[in-house]
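Pasting a structure here, questions to come.
Going by the order they are written in, the chains are A, B and C; count residues from 1 in each one.
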Amino acid sequence: MTLLDHLPVLVVLLPLFAAPLCVLIDRARPAWLLSLIASLLSLAAAITLLMQVSSSGAIRYQLGGWAAPWGIEYRIDLLGAYVLLIVSAIAPLVMVFALRSVEKEIPRQRIARFYAAMLLVFAGLAGITVTGDAFNLFVFLEISSLASYAVISMGSDRRALNAAFQYLVMGTIGATFILIGIGFLYMMTGTLNMIDLAERLPAVSETRTVRAGFAFLTVGIGLKLALFPLHLWLPNAYAYAPSAVTAFLAATATKVAVYALLRFLLEIFGVQFSLQAMPLDLILMVLGLAGIVSASLVAVFQQNVKRMLAYSSVAQIGYMMLGIGLASTTGVTAAILHVFNHALMKGALFLALGAVAYRIGSVTLRDFAGLGRRMPWTMAAIVIGGLSLIGVPPTVGFVSKWYLVLGTLEQGLWPVALLILLGSLLALIYVWRLVEAAYFGQPPSDAATLQEAPLSMLIPVWILVGANIYFGVYTEVSVGVASRAAIQLMGIEG
Amino acid sequence: MSGAQLLACILAVPMLGAIGVALTRHRPNLREGVSIAAGIVLFLLVATLAATISWDAAPTLVLAEPVQGLALALTPEPLGMLFALVASFLWPITTLYALGYMRAHHEQNQTRFYVAFAVSIGAAMGIALAGNMLTLFVFYEILSVATYPLVTHAGTDKARRAGRLYLGLLMGTSIGFLLLAMVWTWQLTGTLDFTPGGVFGDKVGSGMLSVLLVLYVFGTGKAAIMPFHRWLPAAMVAPTPVSALLHAVAVVKAGVFTILKVAVYIFGIDTIAGLAAADWLLALAGFTILMASIIALRKDNLKARLAYSTISQLSYIVLGAMLGVVAGAVGGGLHIAMHAFGKITLFFCAGAIMVTAHKTRVSQLNGIGRRMPWTMGAFAVGAVSMIGAPPAAGFISKWYLVLGSLDAQQLFAVAVIVISTVLNAAYFMPIIYAAFFKPEDPAQDQDAHGGGHADHGEAPWPILLALVTTALFAVLLFFFPGAPLALVQRMVAL
Amino acid sequence: MSGLPGLYNYWIAVFLMMAGFYVVISQGNLVKKLVGLALFQTSVFILYISLGKVAGGSAPIFDAGVTVYSNPLPHVLILTAIVVGLATTAVGLALIVRIQEAYGSVEEEDIHAQDLIDDERETPTQAFGPEDDRQ
């Protein structure tokens, strides 16, 4: 076997082994360099994997050579490779950005450990996307969650600690629910392998145990992905975490949870069971819509911009849930596509906010007064990211919205389409509050010395902004893979 | 150059112009030179395209394919060609005017102004030459965003409020209604190409078509049809060249152009004729024409009066589109060009009076015609064109509109046109009379600067040159309406 | 064995779980919350372990003369889950120590009250004490 054959496991092992090395090095710059290299290598592996999977189908990899029922199998299909690519593309960008940002926000002697924890988050998220084993998924979920509690708590504001603790409690309850759900499935089928589960479940799907397991899994994953109304941990956690952490988590963590939901609902339980026998399609649609409208409304009234965007994330997750709830190929395509697109926009926005925080120290609406003139590039990035959030063409937000509206209209649900567009208008309002503050507000008098953010921050921000526009126009990759993955998911049971 | 290359150049030249302006920001003369040069080159390109094009094999430029099966493509057709010709012809003239105006008025941020201006024209070109509804929508939104900094140029609280209204209405209607209508059309028919005779065929019921038509018309907020017209008077807070080119030509015409395109190429004239909603929208357009004229009558601020006059004139075009007969569409199409020359002249004059005499209100204009004979002479020509009396261009299009109304046996429309002509005369003629025949009133000659400008003469030469040219064309088009008429008749013949 | 209801292991798990959950919700003291959370997790471990029991089976150690073994896989799985639970508790306790340092309290009400004050104020309270900046 060549190195290429071990890619599925390498993509996880690289950050996993780099993490303890960071702790051993215990110096800020070398630890940063190591994290950057590890994440770049993972990115290379992820790109190769996506190309392999795209051309020759799903890759299966037996860990340690043990065959599937006993050993843990890694299995990467199109959806997994797609989400893996998102995670591992965001990671190096965030690492580049983190260099300066973290030096400002975190005491020096903790920086190496910070990078170690970031790598663990990354490893956990990557692991979720490659594993083909339900229990292994739980373990990776907990690796990433535990590490993310730690990195969130490193925020310089003391409220970060409380936010991290709240997240820990909610997250652990969610994880335990997932564990129970997996246990119930194991009880009924005697396997933890996802493919075996999918084969054996239909025979026993009429039992109460399976239904209970289904409910536990859905609620547990719902907690992890901040499905309205299980999102209460998210706004504070995002608002007070270090800037780089917020950007990374917002762009990847909830996305991977959406991936886990898709995996369990559509592949393991199957479309027939999840969205037709169980009324989950309706539940997801209603909760999605409620999330879109209510979280967008709350976002309009926030003074802290980071928290405003955090609420916006809850609303955007609503779009994804709505897409799944449509239970059609177009709907699921829209959901998967929005996973990708939302990672781009929120990544860009939170990184740009990090640049503002780097220069000013906080990110309340008042701090933005006059920023349009003093940090033109950062603000331009925020404007474009914001337009993408609203769904203005030619940005990725528009493409997402197109498919989502198309999905609702296919089923004649025009009131739902109207609500989706209402969400866009609410986004217009909260984005424009920011724009007006930045371009019309009077800067405080002591701000004369304020400069544009350093290049090492602007470059990752603008790479993401560029991606927002590029993938809004050239959608062969983003839409193409998403729709193929959706067809695979929906096609499993016809 | 082949047709497709020409199309690419037409799109690229304004963008290159914008970049050129940004690069030469420290040398104002060179900067304006770049701007004017880009305008002239653009017009020559558009003219070449118009001269060499063969309508039976129109060239197509495919930019990208953001939605599967739906390309971002430019394909010229006669009406769009006319719009592109008018907008690109007036751009260099307006730049010339702006050169005089912005300097005489000591405006800040002139580079930003010229950059946004060039981008707006580029977007208008995209709208004019769009090959399908999606492309049109993309450029429509770009135009909304690109004109925002122009509207809010002054940076005052008033400008900020105007900008809010501007973007809120334009983007709100386009995302809320137009996007919905478009996705719906795509879902129903699987095409958004502009097809002579319409895309719906017999597949869609007339009830559904009525709903779609209403969505399209209300979604096109740029057409300023009531009750979505408020943004246009608000946008008058912008510098006068912006009001002149964008809010008398490019932006508002982009709106009515969209409606006309939708009526002719998405629905088809014959389909429109059979729709109940068309009658209803016709009545609304008539109401807008009369209401806006009455409001204009009561406005003392010259620019506000012109703005309401524009609202009223725009609805002529909507009225023409909703008549559902060939002559109506011809009249509407012609009015896009004819109204442009008259209205831009009027705005130029208003701006000339503002920078030279520092007067903004109608009641201050007594006797000004003797000090500024060229300006007020041009104003008279523009006003005659607005009223629709010979020998000015407005007469031609109004003639076709009346013909169309008679064709469609819409006596209501005939009545509206006649009454509004009287109203037009009622709000323009007193200005001309006062300017030339009333004695100057020294008590009125105070302004914000605290001192009088009793000793002013004519406006600076670039301003005069620009407004005399456009006035000249407003007359010439009455005598030689051949070229625009041929294009518009070609449109309905396709 | 016959004196007990057949599924009593589930009842134990459910009882422990609800007890843990109740503690998490009702207690204002963060340490007690964490204890509740640990109890909540442990109940699931017990559920898993009891799943593996095969009636009449022996411990899963290969030995002559034994034909029925209990299923060892759930035990292995739960070993991992215990490690996860342990790590969760450790991270939680570490957070509580930091919260105690930053807020001077581990009572939810106190912390919430102080957060409200922070929300009103302009400058945030630093989470790191000055001693943290020592190299």
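Please note the rule applied: contacts are C-beta pairs under 8 Å (C-beta built on N, C-alpha and C of every residue); 3 or more make two chains touch, one makes a residue touch a chain.
Quick caveat, the model's predicted, so the values are computed rather than measured.
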Most distant chain from subunit B, judged by the mean position of its C-alpha atoms: C
Distance-to-centre winner among chains (Cα means, whole assembly as reference): A
Inter-centroid spacing, subunit C versus subunit A (mean Cα positions, whole Å): 26
For subunit A paired with subunit B, centre-to-centre distance based on mean C-alpha positions, whole Å: 44
Computed distance of Cα centres, subunit C from subunit B, in Å: 67
Multi-partner residues of subunit C (each touching 2 or more other chains): none
Multi-partner residues of subunit B (each touching 2 or more other chains): none
Subunit A contact footprint on subunit C (complex, rising order): 21, 24, 30, 33, 37, 40-41, 44, 47-48, 51, 74, 77, 80-81, 84, 87-88, 91-92, 95-96, 98-99, 102-103, 111, 115, 118, 123-128, 132-135
Sites on subunit B touched by subunit A in the complex: 63-68, 72, 137-138, 141-142, 145, 152, 155, 157, 159-160, 163-164, 167-168, 171-172, 175-176, 179-180, 183-184, 186-187
Sites on subunit A touched by subunit B in the complex: 387, 390-394, 398-399, 401-403, 405-406, 409-410, 414, 417-418, 421-422, 424-425, 428, 432, 436, 439-440, 472-476, 479-480, 483
Contact footprint of subunit C on subunit A as seen in their complex: 107-110, 135, 138-139, 142, 146, 149-150, 153, 155-162, 164-165, 168-169, 172-173, 175-176, 179-180, 183, 186-187, 192, 362
